[in-house]
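Quick heads-up: structures coming right below.
What follows is chain A paired twice: with chain B in the first complex and chain C in the second.
Up next is the complex of A and B:
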């Protein structure tokens, strides 16, 4: 292991290249890549990597980038791509296809505002749009976590009990372009952590159709298998956390990361780098004698419903911070979590930091004050952090 | 099938032991795609192949899970993505030193229209793929809407008074990528077609074959007349049969006679031209114009025009 001063974009590429080389004794590596700000540096770095038995195909669109990964995966290779924002929207058809084919593709997604109007800063709406695509989704908080999650994503995706694609999400610029000291393991350690990929449904010479026509009952069966595979993810993930810790000496975070929750009455739930600011605000509140705590939702698919329920049991007031917006509903995360709080709890939605508005501690303090003053939840509360 | 192609489309000892198109598929009677697949099957013989088929009639052919009417492994891809999915397959089979031909089998929609960007990009990268476009000049799967391969004059469900613009020159487009091999084949000229299939299977890099594929359902024609329609199309000059090597060496393989007879028969035997508002003379002029451009690339005719097209290769 060595420490490197690198951005999360480069940390991702480093992880993908390590994973790629780890499959050299298997069927190698295949990737289709297409640039979009703020993901570009990731794929540029990947294109510069030496990967035995590896192809990085510079395609003409995100749709094809995912298609190349699907073809590569169907031939038994380890596969990776990266995208962001409108790139993900353009890719969407094949994102769903990769999920339905049950291919263990890993994709890094830099969360960026969907346009038009064009805005390259962080917003979670792009990957949340793909929440029903049948992919596992992680939202990371720092560069090391991005790197480690990318590595373990391959292990999780390729586990024979799972066989699902994994999306590793990181906040635009806050992580993608910010350099921090990052611990990059050596190849031998990664070789031990990532066994050769063995895809049970890889294309061989057997005449059969992958992804052909289904009648309703066959679709029901396939969907049920997909749901069941998602259901097995929390158990497999826990096993992989142990394995990761054994190989690399540090433990990847749980699907839900609690902070000062012991006796918290006011709970702030957030995703990605917002959680760092939230922790600062929680500390400040605690210093003022306010019983604040926080949850960071790291795994969004499958939704760690049980863990969330357990953390929220008995809490009176919950704020859900959405860095996304669903016109006609409010926040997407709130829409999913509001039913998981204790009965009778106030669950208030705050839309904050859309379009990359800088969420500062004073904004979170405002959320806490508002939440503390509420006896019942109201309409989603729109906050302007970019002003 | 009244056509004596390959001694009928029956499977013989000369064929691939596992035919690419198995019996019991759902293609309409007289579907040109069935004929094309049988000829491809014979050309492929015992070579190992993997086939990518995007959304089109050709994937419905396979039948529902877990059955398959294809005698080879098939990936059913999204509509636009066949060439990109095939890229992944080809890259990985290569990296693992496997002697597998990766084929795309796509309709005109998946080639001329929604799939064009991916096809063009794979051609530009010179991926080791044989891309076969069976062109029924219509979106057959969705019930017969126009595509950019629909010919001038033809009525479709979305061009009820006939199409008023000409068909896209797909072979010209592919040749402009300077790929190792691009050719159009005629199922009325089986020797020429088999030779080209063999060549396209053996050349490495991106190869493109254009197959005019009669569609009795969409063309509103007699199922038994498909091959004859192709013969008339070739004879009249409507469907040029040619090959282009490395984007520069253009050869016309079957000389048309440009006869009015052939043109009138081609148009007259298909219901899709019955309601057209453009005249036969206009169609003829547009055909001759396109041949002027073709002659500029291929040089003057080298062989005397054949009268009936049979065995003209």
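Up next is the complex of A and C:
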């Protein structure tokens, strides 16, 4: 293991390359890539990596990038790609296809505001658009977590009980382009952690149709299998956390990460790097005698419903901070979580940091002040943090 | 330790990398770091920020830096209240500027100010692109010093992020940074204004103002592109001082009459030089490194032969000077031309019966037809130059001229011939090649026969050999003491001689001639080449091994020197002027007589120079021609070869060799047209090709009547136009 001062983009590429090499005794590696700001650095670095078995294919669009990954995965290769924002929108048809084919593809998604008008900064709306595509989704908080999650995503995706694609999400620029010291493991350790991929439905010498016509009942069967697979993810993930810790000496965070929740009355729920700022604000509030606590939602699909219910049990006031917007509803995360709070609790939605606005502790303090003053929840609250 | 650093720079200055270097510096101390930049606004020249955080504990703050402890300003034009916002009193303000810290004290006295001229250091160290200097790696060195980091931290940090190449600049900045006095006390306005945007929750979204239009992005600029003419290699190489690129481009766009006007500024003998000049310009030509040099010699011939421009000279407004020119070779003719063009009177004194000097007596007609020479000499005489032929002068004669004329220019060339000091050199049938050529050219010398051996490797040797072939010699052999590479003769002439059946005995030097009264054989010693001599050519070492070559005639073409009988004992030559007993009489020297450089082009340049010196010495307005410095010419890296399609050079049509040797008819019939000029890159000279206009990312370069105009309201100084210019006709300046 060695420390490197690198961006999360490069940390992702390093993880993908380690995973790629770890499958050298199997069917190798295959990646279709197409650049988009702020993901470009990642695939540039990946293209420069030495991968003895496999290839990184530079294609003409995101749609094709995912198609290459699907072909590669169906032939038994370990697969990876990366995209962002409108690139994901263009890729969407094949994102769903990869989900429904149950292909263990890992994709790094840099969360960037969907345009137009064009904006390259962080907003979670792009990957939340794909929440129903049948992919597992993680939202990361720092560079090391991005790297570690990418590594374990392969293990999770390829687990025979799961066989689902995984999206590892990171905030544009706040992570993708920010350099911090990151611990990159040795190949030998990764080789131990990531066994050779054995895809049960991979294409072999016998010709076979994949994804032909389903009649209604067959679709019902496929959907049920997909739901069940998602249901097995939390259990498998817990096992992988243990395994990861054994191999690398640090434990990846849980699907839901609590902070100072022991006696909290006011709970702030967020995803991605917003959670770092929220923790600072919680500390400040605690220092003022306010009983604040926080939850970070790290795994969004499958939604860790049970863990969330447990954490929110008995809490009177919950603020859901959405770095996204769903016109006609409010925040997407709020829409998903509002039913999981304790009966009668105030679950107030705050839309904050859209389009990359720099959410600062004073903004979060404003959220706490507003939440504390509420006896019932109201319309989603729109907040301005941008410069 | 808990440190926040903010950098202000402009897109392209490398602020993000600079912030990364600062982080790397603290990593060497074992600190946690975080570094990032502002993105999307980082267009070249736009104000951009970058940030570095340092802490003893893991860093979880994801915000931009609003209250920096250290502030670096990579471009001093960015300094303002908004830039320093949040910097606490006593905080470090490091500025890239040539000014000392005191210069900023009035405005920013509440901070600890340090300054470093990182731009100069980076420029000196060649950091950046051809068009834009990049200062990031330099200023980081100054930062290390100001915050008290050891020099070794720089070495380790730069190595850790693979920037070793920029370490010398960083070290230079480490040593050169100036730190001002620490601020005394807390000034009244010490309270730090709260950063803006420190709002809590706004009740309503403010209506977004429309994006600002008419943003004057020119304010982002640190450097500005300019159209600057740079010295073209052909011009730098031309010893006559001709505007080669100028006449080529004029020929291309305006035709031969206009091109002839350009040439006539410096060149009275375009048709002559277009035939016999060794063309150093073609050696310097950038296109030589690509698909072959532009055939400048034959294009000059095209202009000389096809233009009908008649030259006129106005009489000098004040006193008309009378200057005697002794000798009418290219130096004398050029000097006379220059004198006449300035409106003064030149009188030529020529020993032969006709003007032209070596052009007439030495160069055979198959290279330079007599009618061509006559026409150009007539053109010079048309300016009012007087000529007196058949006048043989000696030192008293020169003294007499110097009393009658305001000045005398001696341009008698290399009239003294080098004799060969070997046994048998006085046998009959051995003669000086120059005499032979003189007789062939002027006196219709009777035919030779048998085997003629020519000694030498210069143009005279080749001329002798080829003339001998035309005068009936059955076999001609050139014996030369070095190899073909070292031959001073024009390459094409050597090749044509070979085609005409001239044989070459290389690495051979005559050590004796044998014969009974008349030469019957030459004894040639084998030569090996040693170390290079002062001319750069390898020194010949004569061996003991010899062989005899039977022959009927021997022509010696082994060198000439100036005939100093025109001077007095003790005369010295300095700066083209004769010095006698500590004074400088009105005697000047020009051409081979003065320099021995031996080409028509050199002689023309020196003739003009001598005329300039004489007129200047007489107090007349005149410029003394100075040969351009080749080192200042556009380097080959300044030319974008990829913008020019491959196209081989055009060459003049040659008579077949078998036909050539039968007569003295001109062997080269010249180019069929002037399209060869299209191959000129126009190095360093704008051709209005529109590349700058097309590549400008802002679209703010417009055509004008004479060239282009850059709209400085919007030019961000990105340097793309300069980098893309195919011919190095632009540069970035800081003004």
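In this text, the second predicted complex is superposed on the first by the 385 of 387 C-alpha atoms of A that agree within 3 Å, B and C clash if a C-alpha of one lies under 4 Å from a C-alpha of the other, contacts with A are read in each partner's own complex, and residues count from 1 in each chain.
Note that a contact is a pair of C-beta atoms (placed from the backbone, for glycine too) under 8 Å apart; a residue touches a chain by one contact, two chains touch by 3 or more.
Bear in mind the structure is a predicted one, so any value in this text is a computation, not a measurement.
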For the overlay on chain A, clash or fit between chain B and chain C? fit
Check whether A:382 is in contact with chain B, with chain C, with both or with neither, and answer first, second, both or neither. second
Does the superposition put A:205 against chain B (first), chain C (second), both, or neither? first
Of the two partners chain B and chain C, more of chain A gets touched by chain B
In the overlaid three-chain picture, which partner chain does A:76 touch, first (chain B) or second (chain C), both, or neither? first
Taking the superposition on A as described, I'd like to know which of chain B and chain C A:225 touches: first, second, both or neither. neither
Is A:25 contacted by the first partner chain B, the second partner chain C, both or neither? neither
Expressed to the nearest 10°, the angle that the Cα centres of chain B and chain C make at the Cα centre of chain A is 70
Of the two partner chains, chain B (first) and chain C (second), which one does A:180 touch, if any: first, second, both, or neither? second
After fitting on chain A, the minimum C-alpha spacing between chain B and chain C in angstrom comes out at 23
Could you pull out which residues of chain A sit against chain B in one structure and against chain C in the other? none
Along chain C, where are the residues that touch chain A in the complex? 20, 23-24, 27, 32-37, 39-40, 59-64, 66, 160-161, 197-202, 205-206
Mind pulling up the chain A residues that touch chain B in the complex? 27-28, 30, 32, 53-55, 57-61, 63-65, 67-77, 79, 93-94, 97, 203-215, 218
Give every residue of chain B touching chain A within the complex, in rising order. 18, 48, 50, 52, 59-60, 62-66, 68, 70-78, 80-81, 83-93, 95-96, 117-118, 120-121, 125
So, in the complex, the side of chain A touching chain C is made of residues 5, 37-38, 120-121, 142, 173-174, 177-181, 273, 276-277, 279-280, 358-363, 365-367, 369-370, 381-385, 387
